[in-house]
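Before anything else, here is the set of structures, which you'll find just below.
There are two complexes below, and they share chain A, which is joined by chain B in the first and by chain C in the second.
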Partner chain A sequence: MSNDMNKTNDVMLDIKNLVVEFKTEDETVQAINGIDLKINKGKTHGLVGETGAGKTTTALSILNLVPFPAEKPTAGTIELDGVHLYKTNEKGECVPALTEKDYQSIRGEKVAMIFQDPMTALNPIFTVGDQIAESVRLHQNVDQAKAMERAREMLELVGIPAKRADDYPHQFSGGMKQRVVIAMALACNPSLLIADEPTTALDVTIQAQVLEMMRGLRDKFGTSVLMITHDLGIIAEMCDEVSVMYAGRIVEYGNLEDIFDNTRHPYTQGLFNSLPNIEDRKAELKPIRGLMPNPADLPKGCAFCPRCDYAMEICKTVRPERKWLSETHCVECHLYDDGKDVSKL
Partner chain B sequence: MNAANTRKIPKKKSQAYEIWRRFKKNKTAMAALIVLSLIILSTLCADFIWDYQKDACSINIKNRLQHPSWEHPLGTDELGRDMLCRLVYGARASLTVGILGTSFALLVGGTLGAIGGYYGGKLDNLIMRCTDVLLAIPGLLLCIAIMSAFKSNVFYISLSLGISYISKFTRIVRSSILSVRDQEYVEAARAIGASDFSIITKHVLMNCMAPIFVQYALAIGSRILSVSTLSYIGMGIQAPTPDWGNMLSGARAFIRGNTYLVMGPGVALLLTISSFNLIGDGLRDAMDPRLKK
Partner chain C sequence: MANETKRDILLDVQHLKKYFNVAGGQLHAVDDVSFTLERGKTLGIVGESGCGKSTTGRAILRLIEPTSGSVYFEGQDISKLSKEEMRKLRKEIQIIFQDPFSSLNPRQTVSQTIEEPLKIHGMKNKAERQARVRELMETVGLAERLANAYPHELDGGRRQRIGIARALAMNPKFIVCDEPVSALDVSIQAQILNLMKDIQRKHGITYIFITHDLSVVNHFSDDIAVMYLGRMVEKAPAEALFEEPLHPYTKALLSAIPVPNIHSKKERILLKGEVTSPINPPKACRFASRCEYATDKCRCEEPELIEVKPDHFVACHLLKKE
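Right, the complex of A and B next:
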């Protein structure tokens, strides 16, 4: 009982069986097909996968900002710090559990999001100070002067001189804009920060600076982070736990050690094989062959089956169940069905 | 203390000031602004020079059709009224109707366009089809129809001129909003918890200000021309109230012998309308922060 209590108090974000489908007139795009994801307070969870795997849709579901034509998850629950964001109605449909006003107060205050491209995430006609202050004013009952004060503080915190608060976004470089975006996200001390590929648009040296800064701020404020990326290096740098996402499912989940040293899923292995090896410069890169399946027409069995080197007959027809390999590590793959020899991997 | 802290922090200039600073650099726009200010100033000060009833409206047959002289710089019309006086008072009617009518069109059309563009879907479709219907009716014909149903006063003339212009604003605001609403900063605004209203008014509309402002300035010019047209055919501002349109209409019969009668209102219309157009262009350039120097 007391154990249970502790558990609920520790969990910042709990996504269960989330399904998001985009229905159009002639097809249904299955963006997310039942994922479970849990982030404990103060922890950083990495969500890794290639373009189109459903990473951003997962993030937008948390904010109830799933784009048209879905506009809301098809099924599943999301619990944020003990508050249910979605509920299931009598017809078995997933509906928002809160009013739009409540979501507006959650966005930015409890959950903040860092966008992928800092070049477009800032409004070109307002000064950066105004934009940070806007987020403060929306959630805290303060006047413009106080909010600007806070905006300047936030800018200093991300390493930009406070006097630049009166400058417009086009007067900043890409890395500085991303810092501004981060300052905006952190202005209200959110308890969960969703970083949607925060460094993809930046060059490598700036990436390192921004990551270093984010790590510092995360430790300072004890923020939980959902780190969405396709860069395994960032995962290794920043995260406590990793979920590998493929075609709308989490195919492997574990802590850093599980994923990096005990890689189990063929897709995760493929991801590692696609990285250049710094010790062996002659080694050839082994990219994963083929492309991700069309999410409007997913294979019946395992979605990775057509690209998998270890594919078996069963993979074509039966979707693999989640298999727990240890307390922290699970995988969705038929290779680990009972009695199968896994040593060859 | 390091150097960065001791350096003087430049005082923050407001956005309006920045726009004005950039606007000032545009010589043609400034010239237009000066011309327009003179026109507005003259019509505001007219009461200090003339007596409206006596000089602009009452008939003085003894003075009819005088050529320009020191006493009457632009001559007198067929009823002996001073043309300069009537020209200056005429600006009052034209400008009022032009600005009122355009503002009405902007308010209604802009709101509809913003709602349609932002929310999309069925609502957008409905609004745009209504706009199409309105657009299918020739503007001047619509004005005439409305004018014949109501009294000819400044309010109804503005209203009719506004209604015939609503669809233009709806389309312009909608298309500007469509180009902005899917920008990432709009999504970012949603992600910090801004409401739809504040997103539309602050993030979306403010980014569309340049085309809307330009259109507003151009529309005032076009509305002034329309009110003159209406007055010219006798549907607009009614005599004896002076208006450039009905002045032109009155002068038509004397155009051979007394050409100066059409010169005054004609040049006044030309100056006013081109001023509005040039100011609109100048504003567009000045309002784009990326052109900031």
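Right, the complex of A and C next:
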């Protein structure tokens, strides 16, 4: 028992068998189809995948902000630092385990999120100082003057002069707006930071500055990070562990060496082969053929089967189970079923 | 310089400028850009937002009128052509836009969209037009059953294929590709890049490829031009530029690319500060405020683009011709 206790204390986020479905009048969109994801304290977990893979929906589930028409996960549990965010009721449905007020106190204080587009994440009619101070006042019992002081401190921390706290968002460039958003997210010292494509809207030299700064702050405060991105380059730079997501499933999970040097899933391999190799400009691109499946009409077996060069008969009908290849590396692919050659790719 | 005559120059841009009048004065979007482009080759233009790369592409095609400068297409100065003459020439010079979501008419089907340029340029026979549409759809890999689909029914990759088919319709010699894959996922991006390369190989088309993605431009281009705040700061063959970037900005830009390789031990040059305003820029090197090597000369005199090595052009006071 005591061993178990210690174990949970290391875990910041524990998602088990999360399912999110959006039911509309004529179809059910299966956004997330049973994922497990665990982030230990102080670690950065990369979630990589293409448009529509379910990355952002995963993040919104943690904050209990799943949009209409689902509004909550269909099944599964999420534990944040030992606290259950969802529970299963008598009918077997997944329901929020906390009151809306509790979620509000979690959002911003325990879990903060950085959104992709800093241009729309800030309110144009308040100064950036006010906006940072607002989240401080919501979560900490301080007066406006104290909160503003904290806001200025945070701005300095992200490399913006404190005197600019009185400026409005339109007076900042894109890179600086994203820094403001990061300052706001970190103002209450969250234990978990969700960064949803934090640098996608930024130029590459500015991206380098922002990533460097995020790395510094993460290490300074020991924040756990869920880094959502489509860019494997950013994963390589920022993360300890990686989950590769495809059509609402985590198809491969491992540490950096597992994913980058011992790639096992054909989809992960396809992602790498699609990227132009900066060290070898003559190398031909090998795109993944075909398109993402319609999430309202997923293939019966493995969702990647129609695009996979290694697909076998079984892949069409049976969804592959998770298979652990080592203590740190797992994959959902029939190529690695028992008795099969595990070094296939 | 001696072998210049042997080269088959398709496009020769001289002192191209585009200034916009804005509230605070004049915005120098493109400021004195000159380059030549050989037939059948690809020139990549890279730079960050606001550096003037898209404006350069559009000013060459006169989709926006340049403030001054000349654009010679097959020896003819197209910046002097009348509207009517220009319209005829548009068969030869085409553009593929960045966003396949906003560059297609939502009320036209795939075949109508591709057919339109054929109509405009006088292909009168309907059967002939439809045969050409089918041929183009096959070239860009669009299934025939999609001929009557509307853009909203298609994903980004397929929409971009329509944009490419439309650009190819009149057998152009030259296409400006303005961030053609930026809106697409990597697996789809690779499909489109391969398609565009195939088309170039088959039809000998010359491309200007505008992008902010350095690994894509490296893969796709023969020559690469780097722009910064309206100025071309470096131009070189792709290999030379990536192996031995000379301009301090190019060096920083290349070092900032996140590489999807956990063993890559790249030294990162972090730039200080942000891009300065292109409105009424001072007579100085525009990169001087962020450059760690900047001298007094850089702050009061604008460097010219000079050829420091064969085919390697740089605009920087620190570099002299070898």
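One rule holds for everything that comes next: the second predicted complex is superposed on the first by the 340 of 345 C-alpha atoms of A that agree within 3 Å, B and C clash if a C-alpha of one lies under 4 Å from a C-alpha of the other, contacts with A are read in each partner's own complex, and residues count from 1 in each chain.
The rule we apply is simple: a residue touches a chain if its C-beta (ideal position, glycine included) is under 8 Å from a C-beta of that chain, and two chains touch if they have at least 3 such contacts.
In this text the structure is predicted, and so the values were computed from the model without any measurement.
In the model built by aligning both structures on chain A, chain B fits alongside chain C without clashing. Of the two partner chains, chain C is the only one that A:285 touches; chain B does not reach it. Of the two partner chains, chain B is the only one touched by A:135; chain C is not. In the superposed model, C is the one of chain B and chain C that contacts more residues of chain A.
Of the two partner chains, chain C is the only one that A:257 touches; chain B does not reach it. In the superposition on chain A, contact of A:166 is made with chain B only, not with chain C.
Of the two partner chains placed by superposition, only chain B is touched by A:108; chain C is not.
Judged by the touch definition given at the top, the superposed model places A:217 against neither chain B nor chain C.
Contacts of A:275 after superposition: chain C is touched, whereas chain B is not reached. Between chain B and chain C, an angle of 80 degrees opens at the CA centre of chain A in the superposed model, to the nearest 10. Superposition on the common chain A brings chain B within a closest Cα-Cα distance of 10 Å of chain C. The contact surfaces that chain B and chain C form on chain A in the two complexes do not overlap at any residue. Residues of chain A touching chain C in their complex: 50-51, 173-176, 203-209, 211-212, 230-237, 256-257, 260-261, 270-278, 281, 283-289, 291-292. Of all the residues in chain B, the ones that touch chain A in their complex are 4, 9-10, 12, 120, 183-185, 187-195, 198, 202-203, 206-207, 209, 289-290, 292.
Chain contact summary for the complex, chain A toward chain B: residues 63, 65, 68, 101, 103-109, 112-113, 115-117, 120-126, 134-135, 138-139, 161, 163, 166, 168, 170, 181, 184-185, 188. Interface of chain C with chain A (complex): residues 48-49, 155, 157, 185-191, 193-194, 212, 214-216, 218-220, 238-239, 242, 252-253, 255-262, 264, 268, 270-271, 274-275.
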